[in-house]
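Each of the next two complexes has chain A plus one more chain, namely chain B in the first and chain C in the second.
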Partner chain A sequence: MNNNSNASYLKRERKRKLSRFTEYKSATFATGITFAIFLVILFGAFDFATQSFNMGTVSASLIYLVSTVIQALLTFKIKSDILKKGEVSSATRKLGFIMLLFVLTANIFIAIAAFNLIKKDKGIEYNLAIYSVLTSFTVMMISLLNLFKEYVANTFMLGMGVLAGLTIFYAVVMLLIHKFVHGKNVDKHMKPIGYLLIVSAISGNVFALLLGLVIITKIKHAGDEISVEWIEVLRRLFRNNMAIIGMFVVTVLLSISLCSYLTFDYSIATDNNYSALLLEPSLEYPFGTDDYGRCVFTRIVFGARISLAVGIATTVVPIIIGGVLGAISGFYGGKSDNIIMRLLDVLYAVPGILLAIAIVAAFGTSTFNLIMALSIGSIPTYARTVRASVLGLANSEFVEAAKACGAKDHIIIFKHIIPNSLAPIIVRATLSIGGAVLSTSSLSYLGLGVEPHVPEWGNILKAGSTYLETNPYLAIYPGLAIILLVLAFNYMGDGLRDALDPKLK
Partner chain B sequence: MKKKMTNILDRIFKKPLYRVFLFLLGLPTFLVSFIVYCARKSSYAKTDKTSEIRARILAELEKSGEKQALYNETRMFLENKRAFFKKESGDFEKNVQREFEKELNKLVERRLQEDEEYKKNYRPITLLGVMKDLLQNNAFLVFSIITSLPMYLLLLIYSNPYAKYIFERLVMMIFVLFGVVFLVFTILYMSPMDPAVNILGQTATQEQIVEFNRVYGLDQPYIVRLFEAFKGLVTLDMGRSYAGNEVVMEAISRKFPVTLQVTFASLAVALILAIPSGIISAVKPYSTFDYVFMLIALLGLSIPNFWLGLVLILNFSINLHWLPATYSATDWTTLIMPAIVLGTALSASVARMTRSSMLEVINQDYITTAKAKGLSSKRVILKHALGNAMIPIVTVVGLQFGGMLGGSAVTEKVFNINGIGSYIVDKQFIPDIPVVLTGVVYVSVVISLANLVVDILYAFLDPRIKSKMKNY
Partner chain C sequence: MKKRILAALLCAAMMLTATGCNVKTKDDVTGGSTSSSETTSESTTASGDKVTIKLLTTSANETDANVIRDQLTKAGFNVELNMQPDYSSSQAQEAAGNFDIEISGWTTVTGNPDYAVKSLFKTGGDYNKSPVADSEIDALIEQAGTETPEEYVSTYAEFEKKLVEENAYIVPLYTSYKAQAVNTTVLVPESVHISKSRSMKWEDIEFVDSSKNETDPLLLTQTLSTLTSLDPIKGNDGSINMLNTNMYVRLVNLTDDDQITSEDSLSYNHAIAEGNQEYYFILRDDVNFAKVENKQAVDSGEMVGAEDVVFSLERAKDSNSVPEHRTYTLHESMDTIEIVTDLAALDAQKVSGSDTTVRAALEEGLATPISELVADKTAVDNAAGKYQVVKVTTKEPFPQVLNYLAHQSAGVVSKNQVESINTWDVATYDRNTDIGYGDQSVVTEGSTYDNHLMASGPYILLYKNDYEVVFQANPAYMPGTDSAPRIKNITVKFIADNDAALSALRSGEVHCLYSVPETKYDTVESDPNLQLTKIEANSVSYMIFNLREGSQMNNVTLRKAVLAAINQEDLIAVHAGQKLPAYSTLSPLVDTGNKLVYEEGKAQELLAQYQAEIAG
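Coming up: the complex of A and B.
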């Protein structure tokens, strides 16, 4: 009995010791995910119709099996290091440089684990720099697939040059951070680098933007004892592996939809090519071609732009309208509250998708109508969220103090109440972008989304669904793209909710 | 019995909206009461002695020296105030005089209310008071009950908190439905598309179009047509559809059961899957099972319904030939795939909600107490934890149920189900205003009722809400 409880105590103690090391955590995570990817690819290689394996795909899955084994061995080495010496030895850390090479097999998880292994004390800046590098590298790799096409966009070389330059720049920034950033102390000379990073965010690299902001904010608050709140939130967010992977996927999609202006050719996605009708997936056409000979892969890349734009717009518009209405009715209460909420009840009674169907059908299919239709339906939810948090805040002491000081209503609302009620709205917004993407593609599938010729994911899926029996991949790939984006947003939202949760502070 | 009734009358009279309803429903009773009220009021004016009593009270105050004391007190108060603020506003003596008169009047009024003579003779005459007096008379009571029965029904409803709550919600729902009709009709009215051209075809002559518009009332102005729509809502007769000329209510009530059947099937699938997995995840948080299940749940939230439907059809209908791809009312196996597709998103959100609300409850003190008492863990989880975690779960189920009724349009299209969602979508392109309007109203009614049921369920699940309801 005594022996047993002693063993369980030791086990717990060991677990606690290991969980303090992000090197170990990210290594186990990478092992697990790589193994899962291996299983998924192996499953995909099995052809149910003919009951046989596709040999090309099987060999791809074997690469992942090998990666899993190597990563598992490394994880074991890290574990024994920690348990024996209480830290990861520098020899083990050097192995991280070798593991970085696995990024060439498109395995970013091992790359992340390797980056985590290489450096000993990792601040938020180092983490952000890792993801900046990986984002621009991934976008570059995806764009490189264009080389297999018959022709590329005129600006392709320029685009690739910019991407390569950005990747190198971020790698250099990573080295600079290693040298000049220690905990809270950021060298003043990093300031221009911070501004450069913010400018480089035009490529859609959110991590670079955040990195630049963190560096500049830290320099600004150099002598302060208290840490800046949003940086703390960001740090908590980075503790959550899945949330960061979600953010990474969103950033890559955002970045690729912006970079596609340079590196992808729009005509491949929209022009008919009768010599390449309904081709199977190949290197030239990674996801095959549809019934007009258009490259489905390129169409999906361009579709990301529309899906993201519609998803974000249909979240921002109702936040603004619903937020203002909810703030007014929560702050003033009484009659205005009653009138606004009763009117919104009418909107709330109609299911969002039916209302959207009615609006789009009435005014015709266009991107603007679609955004309006989806926005109107979600106004009441935001109004209710904001109203609830404003009601709580309107009676709080700091608002009373502001009133006693003679602050005007609009100042109280915009300066005191809105910043304090932002957290639940941000979380809800991130989670509902995914829902908006789903609704958009559903409406497109019904023929009520954007115009049929536009390469939007729902449209691509609808076109593909007619060839379900002969060419199922035409419907499967755009669906996977939708799932990937929505899943990424959902994980990000979950992570943000945990990071913003005041109970954890 | 009578006392209880007058009590309720007192309470109900304080609510302006209820007062209006009461007037409308009990018009005869109020008419009689009003006549009596007017008669009493005029006779009251003749024998009014209030001013005399006031003069007497004033004299008493003067005699006892209270008046002088009040004056001194007021003066001292104002002097202190002046000394503190070091500011003069107007003539000081005049201010004192004004303030003193105000205080004196207040005192006199207070004494008046306490005065024995005043209390005996002069009660203020109100319509409600007169009516209550009259109702003490049995003959009038019988007359009143016969002539204005609806008013007594309202009183009865008001006396029971649950009935009152449900009644208020139903009244609100009727207003909301009018709002829905207005909203949807206006949207469809503003549509630039012309139903006549869409149904008769591009080759239709001008006369045909004019005739079509005349038959369906499309040549009427906006207000008239909106009023027609409202009338349709009240009389439950929404007219005939433009395409096919069928009675809309009949068509919808034929299609609605199909949608309802699919919805309930998916609800069953979702609850069977979601609640046990949510409980297990919460009991063993951060275990492998938890991670895997929550991953699957989030995946379920992220999969587009129609895509899942297509993949299922591809695998189970086209490749494996296990299940039929299209729905038919007589074959229950056709219901399996739509139920799974619709149930996926629902079970994902229910499982997540079950997990998070169970986790919240499981760390409470009373759970520790229950465990310390030596209850089996099964009993603790199922009775103490799950019972208290049920409210958010019920909310999510209720909300999602409504969403599914409206949002199943896409799934219905995929599986070729002849339900209300695909009916609305089909007629949307014309736009067939009566059909779309009725369909949306129908769905809204069902959703509102579902929400009402959820809210009432709360009261049964949560003793805190139950006790609050008693004082509603």
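Coming up: the complex of A and C.
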């Protein structure tokens, strides 16, 4: 009995010890995910019609099986290192460089684990740099698939050059961070690098943007005792694996939809090709071609642009309108509160998607109408959220103080109250972008979204749904794209909520 | 170590650039001409001096619209797509003249070429929506109508050339197949006919297990659940074509390949008299009207006689016989319809293009030769040689009148019953209070139910609701012959969506699907329980131009440019190859030998010519 409880205590102690090391956590995560990918590919290799395996796909899955085994062995090594020596030995860390090669098999999870393993003291900058490199590398790899096409966009080489340059730049930044960034102390000479990183964010690389901001903020606040609030939030966010993977997916999609201006050819996505109707997935057409001979892969890439743009716009517009309305009614209370909120309640009573359908049906199908239709429905939710936090803040001391100083109402609202009530809005916004993407796709699927030839995910899915039995991949890939984006936003939102939770500070 | 990584990365980058040198860019392939689609799809304002064309269609034609938009765009047009959700809203756009080209379709339900051109392209025709107004075309249509099938081929060929090649009044797209899927575990597949023009023939259908014919209902499906009217002359659309075809017998029928036949019709035989203006029909005496009592079909005891035929055809050709008469244009060619009582008149007439007399032609194959012609149907007794003969005289020589007589709108109704119901005056008819014969409200379950139908055909409608319409066999329809209905009960389910209907067929909820979408042919063929039969249909898809005053489409060069931009082969490929090339609405009916050949670059040439024309 005593022995038994002792054993379970030791087990818990070991677990606690191991969980302190991100190296171990990310290594086990990579092992699990790689094995899962192996299973998925193996399942995909089985042809149910002929009851046989597709050898090409099986060999691809075997690569992942081998990766799993190697990664598992490495994980075991890390574990024994930690348990025996209380730290990861430098010999084990060197193995990380070999593991980096697995990025060539498109296994970013092992790559992330490897980056985690290589460096001992990982600051937030190092993590951001890892994801910056991985983002531009992934975008480059996806764009490279265009090489198998009959022709590439005129600006393809330029685009690829930019992407390759960015990847190298981020890798160099990673080395510089290793050299010049130690905890809170950032070398002043990093400042231009920080600005460069921010500029490079035009490629859609959110991680690079954040990295640049972190570096510049840290240089600015050099010597301060208290750490900057939002960097702390970011640090907490990076502790959550799923949230970061979600953010990575969103960033990759954002980046590819921006880079596609250079590396992808729009006509491949919209022009019919009558000699390539309904082709199976191949290297030239990674996701096959639809019933008009258009490359589904290219369409999904261009669709990401519309889905993200509409998704973000339909979140930003109601935030602004709802936010202002909520702030006014929360700050002034009384009659104005009653009038605004009751009116919004009326709007709230109408089901969002029905309202959207009615608006689109009345004003016609166009992207602008679509954004308006989806935005109006979600104004009340944001207004309520803002009103609730404003109500809490309106009587707080710093507002009293501002009032006592004679500050005008609009200055109090916009300078003091709104910045302090942003946290719940940010969380709600990230969580609802996913919903907005889904609504856009639903409307397009119903034929009420954008024009039918425009590559929007709902449109692509609709075209594929006719061929569900004969050419299922036409519906599966756009479906997966929608699932991936919505899931990514939701995980990111969950992570943000946890990171912003004041109780966790 | 880190330097080595850097070096490796640089090497990789250089390799990428090296491979990149072999990559063909879009300009290398397309020869530097910027793709037109990119500019048009991203900004409509950047169209510059491009010709903008408004394409009107419904979402049902989305596939065609997509291909046409693509082909016109590639030819250098700027296409604005106006896609309406349904037919009626697109009709509204059309009436407002809010289009340059419109995707249209035509099915020649009578199976004769005259119907496929007259109302569509003759000046003032019912369905001439462009409108086409060309005296040469009018003259050719008139001339072909009076000619026999051998003669009219060349006339129609000339007509087609004028319509398409010379004037580009329409842009033909394709001819469709008609496909039918049958559950072979339930139905005998050979008993389910598929005809080019005629709607589904119910009386021949049999269950594999013949004991079920009496007990189990045959389950069919149709899309539209609002029935226009069960009076045959008041409707000519998808909601009632199949139902009325099986509820009213006609003087003649069309075979599966659109030949005129007396088989399974009210006549034993028919004959065309010399001059192609007089048509004789000798009637059967073994068809009685059925009526509904307590939701069961019963024999009314009243025979379908020549009086009913004369009454039915008179009201069919008279536009004022009923309000909302939708089929009189089909029967305008008839001048008089009469009962022949003088046997000598039949002896005096010769059959067109032959030496036999009309009497001999009518008597052919009869068990008892004609001894007497009677006017009153109660005096008829075929076994004793007492027959009734109906004579139809056309205004002009017009052999194709037989096709119109085979159409469901020429179905025979009961003179007594219709006269007792339609007691109101047509001029003062009020659709809210006056109920006409065949109004769907009287067969709809509920307070308005009062089934007054009298069916001369093999089946009679018992009742309908929102989900289905139920039929039962006419017990007095040619009993004891091969033409008598096999299955006693038939239920037609309303399934609005074709894909859902196919699912219902596959799950056994219905036994036969009358129209299978072409993307689903593979699905049906791969199902071991189903059999797919497809034949070339009389349905042609084409585009019409807006030829009203002020429309840019009145320019023939521009129309020809649009015509030249369309490549039918590509369009057919998108339809999984399950369409046939077309030249005009006549293509499935008359082999005129005309073919439309797509020439690369011709559209651009014509477009440039047009732009030069309007500039200069």
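Heads up, the rule we're going with is that the second predicted complex is superposed on the first by the 503 of 505 C-alpha atoms of A that agree within 3 Å, B and C clash if a C-alpha of one lies under 4 Å from a C-alpha of the other, contacts with A are read in each partner's own complex, and residues count from 1 in each chain.
By our rule, a contact is a pair of C-beta atoms (placed from the backbone, for glycine too) under 8 Å apart; a residue touches a chain by one contact, two chains touch by 3 or more.
All figures in this text were calculated on a predicted structure; none of them were measured in a lab.
K.L.:
Kindly classify A:Val172 by the partners it touches after superposition: chain B alone (first), chain C alone (second), both, or neither?
P.N.:
Second partner only.
K.L.:
By the touch definition at the top of the document, which applies to A:Glu469: first (chain B), second (chain C), both, or neither?
P.N.:
both
K.L.:
Tell me the contact category for A:Gly392 with respect to chain B and chain C: first, second, both or neither.
P.N.:
Touch status of A:Gly392: no partner.
K.L.:
Touch test for A:Glu451: chain B only (first), chain C only (second), both, or neither?
P.N.:
second
K.L.:
For A:Gly86 in the superposed arrangement: first (chain B), second (chain C), both or neither?
P.N.:
Neither partner.
K.L.:
So, does A:Val152 touch the first partner chain B, the second partner chain C, both, or neither?
P.N.:
second
K.L.:
Looking at A:Asp291 after the superposition, I want to know if it touches chain B, chain C, both of them or none. Which is it: first, second, both, neither?
P.N.:
Only chain C; A:Asp291 stays clear of chain B.
K.L.:
Given the touch rule stated above, what does A:Leu277 touch, chain B (first), chain C (second), both, or neither?
P.N.:
After superposition on chain A, A:Leu277 lies in contact with chain C alone.
K.L.:
Touching chain B and also chain C: which chain A residues?
P.N.:
Common to the two interfaces on chain A: residues 469.
K.L.:
Along chain C, where are the residues that touch chain A in the complex?
P.N.:
1-2, 5-6, 9-10, 13, 16-17, 19-20, 23-30, 35, 37-38, 41-42, 59, 62-63, 65-67, 69-71, 74, 81, 83, 85, 499, 519, 522-523, 567, 569-570, 573-574, 576
K.L.:
Contact residues on chain B for chain A in the complex?
P.N.:
On the chain B side, the touching residues are 172, 175-177, 179-180, 182-184, 187-188, 190-193, 298-299, 301-307, 310-311, 313-315, 318-320, 402-403, 405-407, 409-410, 413, 421, 424-425, 428-429, 431, 436, 439-440, 443-444, 447-448.
K.L.:
Using the touch definition up top, name the residues of chain A that touch chain C in the complex.
P.N.:
Of all residues in chain A, those touching chain C are 94, 97, 100, 144, 147, 150-154, 156-157, 160-161, 164, 167-168, 171-172, 175, 265-267, 270-272, 274, 277-278, 291-292, 447, 451-454, 466-467, 469-470.
K.L.:
Which part of chain A faces chain B closely enough to touch in the complex?
P.N.:
Per the touch definition, chain A meets chain B at residues 48-49, 342-343, 345-347, 349-355, 357-359, 361-364, 434, 438, 441-442, 445-446, 448, 458, 461, 465, 468-469, 472, 475-476, 479, 482-483, 486-487, 490-491, 494.
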